[in-house]
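Submitted below is the structure of interest, expressed as structure tokens.
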Amino acid sequence: MQWFNLILQGVLIGGLYAMFAAGLSLIFGVMRLVNIAHGDLIVLAAYVALMVTQTLGIDPLTSLLLVVPIMAILGYALQRGLLNFTLGQDLLPPLLVTFGLSIIIQNGLLEWFTADSRKLQAGAIEIQAFQALPDVWVGVLPLIQFAVAVTVIAGLQALFYYTPLGRAFRATSDDQAVAQLMGLDTRHVFAMAMALSLAVVAIAGVFLAVRANFDPSIGPARLIFGFEAVIIGGLGNMWGTLIGGIVLGVSQAIGAQIDPGWQVLAGHIVFLIILGLRPQGLFPKVSG
Amino acid sequence: MTKVEHATRSSRIGVALTAVTLVALALAPFWGDRATLRLLAEIFTFVALASLWNLLAGYAGLVSVGQQAFVGLGGYLLFALVILAGVHPIVAIFLAGPIGALVAVPVAALTFRLRGAYFAIGTWVVAEVFRLLASQISALGGGSGVSLPAAAVIAMAPSRQMREFETYWLALALAVAVLGAIVALLRSRHGLALTAIRDNELAAQSNGIDVTRIKFAVYVLTGFGTAMIGALIFLMKLRVSPDTAFSVNDWTAFVIFITVIGGIGRIEGPIIGTVVFFALRQTLSDLGSLYLLMMGAVAIVVMLWAPKGLWGLIAERFGWQVLPLQRRLVLDKETGGHT
Amino acid sequence: MPEPLLDVRAIDAFYGDFQALFGVSLTVNVGEVAAVIGANGAGKSTLLKTIAGMMTPRHGNILFNGEAIGGAAAFDVLKLGIALVPEGRRLFPSLTVEENLLIGGQSRRPGPWTLDRVYQLFPVLAERRRLPAPALSGGQQQMCAIARALMANPRLLLCDEISLGLAPIVVRDIYAQLPAIVAEGLSLIVVEQDIAQALKAAARVYCLQEGRVALQGPARELTRERIAAAYFGV
């Protein structure tokens, strides 16, 4: 039964990892951009939520109403003002610019907030749990986070395949030049994609902040977890990303059980094994 | 007969200047103080690291943000060989190279399955794996690391001054060797292939160049060099720990910024970049995270507005090259160029 | 004489350092079909791409409805009323037939062309509306590409080699629909390798040779000898 609990914890945190991955995956799908600053933006969202909850005295969940639009607008501006200029044939500019951005965000947060560990308080809900089965306890917060993650992914899928914006994303991703010929301002389309990605990042950031301590340096690890979830699950498949996140979460849980220092390492090793044996991922839809 | 010539007037001047500079640097222990020697040694290691990263990213198109894996590997190999196998520290440095190359083989095999930016993050994951594994090795201090035992330190040389001279010359020699090897590689047939890959990978491939094999070889060679430099760096520090050995900031961020600002894809770039970087660091002194923030901003600006870096701007404006790497066809006057 | 709908005045176009068009001039009047013919590499596609905004002309002017559009972005040019059916069809492979058409219509320009209207014009598209675009045959894809451009309700439609790679009977079927398109108030520029087809469909013909207009005139006045001479540059 202890193992069952363990796997369950892993599955639930997998949802959070899938949310880290979803924003990353979306951007890559639409504009072939890998945002190395992605993890740091999740941490930035956590700090924005910290400021919002502190100045307005509201709880983290409510703060989402402000944090999500703030991050979305930031995403639009970032893409329009900076990242659009890095897109093109060459691989180096987007990679190096987003790497530079990552360093800037980390150190900016360090200067502003210091390296102190912070956490968002969500109140009693943080320790609430219910008994689903004999000997199986499920935390309420992790369950909510998982449910939200599934909803976000379902929402993104729906947006991609059933809305005009999603159509614009797919058309632009297919053939940027012809999309422009059909009247799509691709600068705007890319910026909307980044805005959407950062909206998801905002939700992920708030959940991260409620779940555990955070400080300016934890961004790269979130990027890596998101990236591992995408690769394990397979590129181009949002539901695959969810599975990837779950596989990662479960691997980490098992690793932690063997030895606490092995938690993250276990996830990396599973990732490397899958990379070695099945590089296209578990459920691939497109090639990278 | 047509000949291929490498040198130009500017490169002849450049080579002469370089020779003079090298002699002056070799004599530094006799005209410089301790602090100067330490600074110069640091500069040499960064020039070497940046040149290797430049070879990987600027020529082979492999952008790695995980080279700290090999720096740390070299560092840990040094301490492992010295502490656990009783090897002389300097011998350990020379062993770190081949072992680093051996490790690079499976790493490349795995990470090459990823493309572009995903490859970059993959190399980062590998570095993280190395870091986490290193912190599990209790014989080398686990998470807090370990210092070089006194016996090994003394084995290097009887006096502290001699030891510092030794490591200084080693740093200079290693930097020169790395640069020399890179120049030799670029002047060779393989170097021509590399330059072709740098300019247009697809065209290079369709011209029969085995791009994957060359990239693999370059990655392994870079691992070789980076591990040796890592070993030297941590010999100079006399102490190693997982966080310092595998630090992204120290061994990747600074190296990338140096290369970007100096000029990617040109051999003079990392040299210029290192000089600029250290000049800034000396004048701005230690601003900590603010300094990193500024470097990041400058790197972004350079990447967008002067993607060829400082040396790129200079070289294109004046047609200079310091080291004779161009290939120019010289037509034979007598036969009018036809054979 | 009323003002021409499209007035291209002595434009040069470059691909990097390579000059593809040399002082090319062309006019299209309202309700007119103009054909641009020429050998491969003569600059026909380049001309259409420059008009559509995919490329910027280096000298000269492009006036549409009296307004200068040279150098305007492609998405702005579409909003002004010029739509291009690109060479090689270039449908969006991830999208279904209907989604491709809807993309064409997303600029919401007012006009007679709606989903129903284009399905009337090309019924075979209606039958296959939910199929992914790559599943269509060459001729059907060409119809889809034309319909997609029509959905933008342009005033000027540019057709780049719509006969390329298609069986003659399919080409005839597609060209048979052009009069219906013109009847709805559109003007056309048709780039064609199939000279006979071009001469049949168009009122005016321009022949390009190595980036220059070698011959121009009303279709019925041009003899085969003159066209061959201009086409091949003899």
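As written, the chains take the letters A, B and C, and residue 1 is the first residue of each chain.
Just so we're on the same page, a contact is a pair of C-beta atoms (placed from the backbone, for glycine too) under 8 Å apart; a residue touches a chain by one contact, two chains touch by 3 or more.
The structure presented is a predicted model; accordingly, all values stated were derived computationally and were not measured.
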| item | value |
| --- | --- |
| Among all chain pairs, the one with the most C-beta contacts | A-B |
| Centre-most chain, if every chain is reduced to its averaged C-alpha atoms | A |
| Cα-centroid distance, chain A relative to chain C, in whole angstrom | 44 |
| Intercentroid distance (Cα basis), chain C paired with chain B, Å | 54 |
| Inter-centroid spacing, chain B versus chain A (mean Cα positions, whole Å) | 33 |
| Per-residue multi-chain contacts in chain C, two or more chains | none |
| In the complex, chain C residues that touch chain A | 52-54, 73-75, 78-79, 83-84, 86, 90, 92-95, 99, 102-104, 106-107, 148-149, 152 |
| Residues on chain A engaged by chain C in the complex (per definition of touch) | 164, 167-168, 170-171, 173-175, 177-186 |
| Complex interface listing, chain B residues touching chain A | 57, 61, 63, 65, 109-111, 113-118, 120-122, 124-126, 128-129, 132-133, 135-136, 248-249, 253, 256-257, 260, 264, 289-290, 292-293, 295-297, 299-300, 303-304, 307 |
| Touching residues on chain A, where the partner in the complex is chain B | 33-34, 36, 82, 85-86, 90-97, 99-104, 106-108, 110-111, 220-221, 223-224, 227-228, 231, 261-262, 264-265, 268-269, 271-272, 275-276, 279, 288 |
